[in-house]
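Consider the two complexes below, in which subunit A is the common component and subunit B and subunit C are the respective partners.
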Partner chain A sequence: MSSKSNLDRAGFLLFLLLAILPMAAGLLYAASYSVGLAGLLSEGFTWEYWGRPFQEGNQIFASFAFSLGVALAATAITLLVALLLVLTVRRSLDSGLLAHLSTIPLALPGTVLAFVILQWCSGSGIAARAAYALGLLQTPAQFPGIVNDQYGVGIIIAQVMVGVPFFALLFTQLWHSQRISQLMELAQTIGATRAQRAMRVAVPLLLHRAFPTVMLHLVAVIGVYEVPLLLGVQSPQMISVLTMRNYAMFDLQQKPEAFICAILYTLLSLLLIAIAWRRMHRMDHEQSA
Partner chain B sequence: MVLTVQEIGKCFGQQMVLQGVALSVAERQTLSVLGRSGCGKTTLLKIIAGLIAPDSGTVRLHGAEITKKPTEQRNVVYLYQEPLLFPHLTVFENIAFGLRLRRLPNNDLTHRTTRMLEHLELQAHAKKFPHQLSGGQKQRTAFGRAIIIAPDVLLLDEPFSSLDPETRASMQHLFKQLAQEYGIASLFVTHDLKEAILMGDSIGYMEAGKLTTFASRQEFINHPDYGARNEIEFWSSLRQQATNHDHAATV
Partner chain C sequence: MSNQHRIFQNALVAAVGMLFAAPMLYLLLLSFAEGWTFPHLFPPRVSAGLWETMWGREQGLVGGLLLSILLSVVVAVGSTSVGFLAARYVSYHRWRRGLLFLSYIPFVMSPVVLGACIHVVFIRLGLVGTVAGVVIAQLMFALGFAVIFFVSFWNAERKSLEEAARMLGATTPQTYSRVLLPISRQPLLLCFLQTFLFSWFQYGLTLIIGGGKITTLPVLVYLYTGEANIYYAAGASILLMLPPLVMLWGNRAMAVRFGR
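Right, the complex of A and B next:
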């Protein structure tokens, strides 16, 4: 056997040991806990905990819906802004000051970003004080509540701030690799106006190629923790925050619900990742043809 | 004349790429422009298409000056060396692209695109995406996409250079047929002497940014400087040798 295939096999085993096995073990433990087979209060197999999400007043499904809504809104706004940037200032994103500046938000930890938004956008924040000083508000409290609000506006803003530079860089790379400039020129000679070139060539092509990454971004935003912890409200909560709250509660009866949340989130993530993989596989095939 | 180019000049920095280029293409005619790589052929085509602005000179279409007219309003289609199909669209949608831009009624669009697909023998591939096509099928789709909007002039920048000899020959034949049928004037750029002679009703030779045009193919072939006569003699002598060899073998 060649040394390359030995190395491949060793790498696969290492991946299995360090990544797959701990995760599988964690999931197995979560599944056991959620059916009463593990934990301090375990009294044998039961479906009782799985019935709880369907009980009135339970927050699990509302939390999932809220997380999905926030993730979809944040991803849609992110894509829209990133596409606009690439279509208007792509050359500056290729090189120069903007290219460097645009990467800064990517390096900011979620907690720092959340504090920045709190400082700027809360009722007692810089923007509210400035508006008050300019006479636009009677009291700083009149400032629209876009942090710790029930629609997750603050969370969405934070995710958009991180997502836009990432997708702008990705789209810039795709612009070159997919020869979009040449396709746009060709479309122009066929008669496409600037708007038609953008809407019929650049945008669909960029979104088509970026689709797997968009799905992974969606998974990441659904599961984000620090930002909704600082910028969210008590109800509805993002699924990650609700899971952690249930897990860390003194009431041990809530723990199985935390594991149910974790399992449901894992299943949703796996579904989205499977869709992304399928598309990636198709695109590999397209590229190799 | 459909297309008239006069005294076109273009510099990139200190480098003079085109110098006093003049040419004309009559209705339903193809002008082949022969020249080595880097002699300015592509720049000339891009200036005519409106993708590059010339430093001097004029471009006229049916007598009207279009030098400063936006590319999308010229009705001059530029075909790249590669088919460059839109990868996110099917063959049908690639061909229908120009018609969709012109907001044709759906029935008319479907009818015209289907007819073009039949013409190009691509009906069976209408729903396929570009990555599922062979090189020849891609090139046929690219032709269909260009011709369906009935351009005044078609600019072809070595369109068959990436094809194998057999597909190349069949594409050359198809292009001549389509150009005749749809009455399209075209400018065909190539570095292949045989292809230039085969495709052009008239021929131009480009060297270091200067274009020499010949009114007829024969005039070009007879000119001693461009090697066409030598080429023909070489192939004729080879054929003669092969005939003699066959005759001797039979005896």
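Right, the complex of A and C next:
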């Protein structure tokens, strides 16, 4: 058997045909459409559509800023909570009931997650009913809007809800593979306090090793669709919702904007993937050295 | 560990466990509730009525469930088998890094955004609104994951095993069937589970490429939510969550075994 058999070649060819080629063709079409070289509106090459994001009232840059802000906030809160959990209840996360319960949020599809958050956090939701039972409000309208709000609070809550168990489990695995317990013991023998051991040994090491996953998680949250579709507002919209809205509109004039969104999102994602990629390779070298 | 510290830890574990379990418990309660509106903190009445009527009256739910299972199994089998072979090719290729980077793009990027870009390609191929179209679109993303998953499997240890089999006179099919497949059972199953879940969870991509004609369970949950039919949405959500939960628990047990 040669190092690359015909079977492998066939598998790779199928991978190219089913995954890489359609993706490349789709992105090429999007790029062509955005410069007037494809689609029903096509009248030859033009940069006109690319000027639109800079026009007053256009939502594309606001949508990118909003998506990035929501993704950064959700990821920061997720990491903070997951780190606190791994520092306090790591043994329970490792085995036992909590280990099993932590998989429940991971089994929540985006549609279900959005539905649950809507039922909990809307004006007549469970949180509002608890506030009513405590005498804090009299009507649903008095409940602060934390879903379908300007700041994406509902979207952030939803992403934190699924992100925390994922990162808590990842950190627990890294704790073992990086032998953090032994390093913490070593730090203790040279006089480090509990807080110093956590802040100077465990947290930097966990964040360093998890960095590529954090970047990939950031890309995933920026592009999330189902959750903001139900929990977001008309403006600003998350980038995937805006792309779909522009794409699905009957007004063909909006289509180039959908493809501009898609291309800008692809470029941003490629940049973040490349950063994660570089770090992964640096870590591989560190490990093999 | 002091007594106080132990009590604090136990309380924290209980609270975190409750938070993790809360979505499932809430959906279960909602699926048995009647007239559970503001300001009731708990359902005023409970009944199994929804679970009795859901199957009979809502033919769409049974169809959606079966379609979701079919789609997910086809996507998982296709991406696992193709990814297994493609990853071997990528692993031993001189452009390994570049090819692997390519695999990360469909794996990480938003299926909806890329879905909007490939929509026209699928229209030209007559695949929009068909089950085959949705399968191919989902395969595009699941394959990226499968290749990344298996690339680390094809390491120097596997290569030396293959070489040993070849030296002993094994043909390519024999090397696969007698050497490689027996040692790959667990990773193959893990990859199958993960890609099954990817397809099982898909909403946006199914909606774009399915053109609203392919009504899977996630599409139904969204439909019920849009109609403010919260009890049906809860029932469909539980059906949607059960297979992933069973799989994730199985996956976890296997990953622990595989890790060892």
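The definition used in the following text is that the second predicted complex is superposed on the first by the 278 of 289 C-alpha atoms of A that agree within 3 Å, B and C clash if a C-alpha of one lies under 4 Å from a C-alpha of the other, contacts with A are read in each partner's own complex, and residues count from 1 in each chain.
Everything below uses one rule, namely that a residue touches a chain if its C-beta (ideal position, glycine included) is under 8 Å from a C-beta of that chain, and two chains touch if they have at least 3 such contacts.
Every value quoted in this text rests on a predicted model; they were computed, and no experiment measured them.
J.: Identify whether subunit B and subunit C fit side by side or clash on subunit A in the overlaid structures.
T.: Pair status: fit.
J.: In the superposed arrangement, which partner chain does A:46 touch: subunit B (first), subunit C (second), both, or neither?
T.: neither
J.: A:92 in the overlay: touching subunit B, subunit C, both, or neither? Say first, second, both or neither.
T.: second
J.: After lining up the shared chain so the two structures overlap, which partner does A:107 touch, if you call subunit B first and subunit C second: first, second, both or neither?
T.: A:107 sits against subunit C, while subunit B stays out of touch.
J.: Considering only touches as defined above, state whether A:200 meets subunit B (first), subunit C (second), both or neither.
T.: first
J.: On the superposed three-chain arrangement, identify whether subunit B or subunit C touches more subunit A residues.
T.: Touched residues of subunit A are more numerous for C.
J.: Touch test for A:9: subunit B only (first), subunit C only (second), both, or neither?
T.: The answer is second: A:9 touches subunit C but not subunit B.
J.: One more residue to check, A:191. First (subunit B), second (subunit C), both or neither?
T.: First partner only, subunit B.
J.: Touching A:254, do we find subunit B (first), subunit C (second), both, or neither?
T.: It touches nothing on subunit B or subunit C.
J.: In the superposed arrangement, does A:182 touch subunit B (first), subunit C (second), both or neither?
T.: First partner only, subunit B.
J.: How far apart, in whole Å, are the nearest Cα atoms of subunit B and subunit C in the superposition?
T.: It is 12 Å, taken between the nearest C-alpha atoms.
J.: Would you mind listing the overlap between the subunit B footprint and the subunit C footprint on subunit A?
T.: none
J.: Using the touch definition from the top, list the residues of subunit C that touch subunit A in their complex.
T.: Touching subunit A: residues 9, 12-13, 16-17, 20-21, 23-24, 26-27, 30, 37-41, 81-90, 92-93, 97, 101-106, 108-114, 116-122, 136-137, 139-141, 143-144, 147, 159, 162, 165-166, 170-172, 175-176, 200-201, 203-204, 208, 218, 221-222, 225, 230, 233-234, 237, 240-241, 244-245, 248-249, 252 of subunit C.
J.: Within their complex, state which residues of subunit B touch subunit A.
T.: 49-51, 71-78, 80, 84, 86-88, 97-98, 100-102, 129, 131-132, 145-146, 149, 155
J.: Which stretch or stretches of subunit A touch subunit B in the complex?
T.: Per the touch definition, subunit A meets subunit B at residues 178-179, 182-183, 185-193, 196, 200-201, 204-205, 208, 285-287, 289.
J.: Which positions of subunit A touch subunit C when the two form their complex?
T.: Residues 1, 3-12, 14-15, 18-20, 22-23, 25-27, 29-30, 85, 88-89, 92, 97-116, 118-120, 124, 126, 128-130, 132-133, 140, 161, 165, 216, 219-220, 222-226, 229-230, 239-240, 243-244, 247, 258-259, 261-262, 265-266, 269-270, 273-274, 277, 281.
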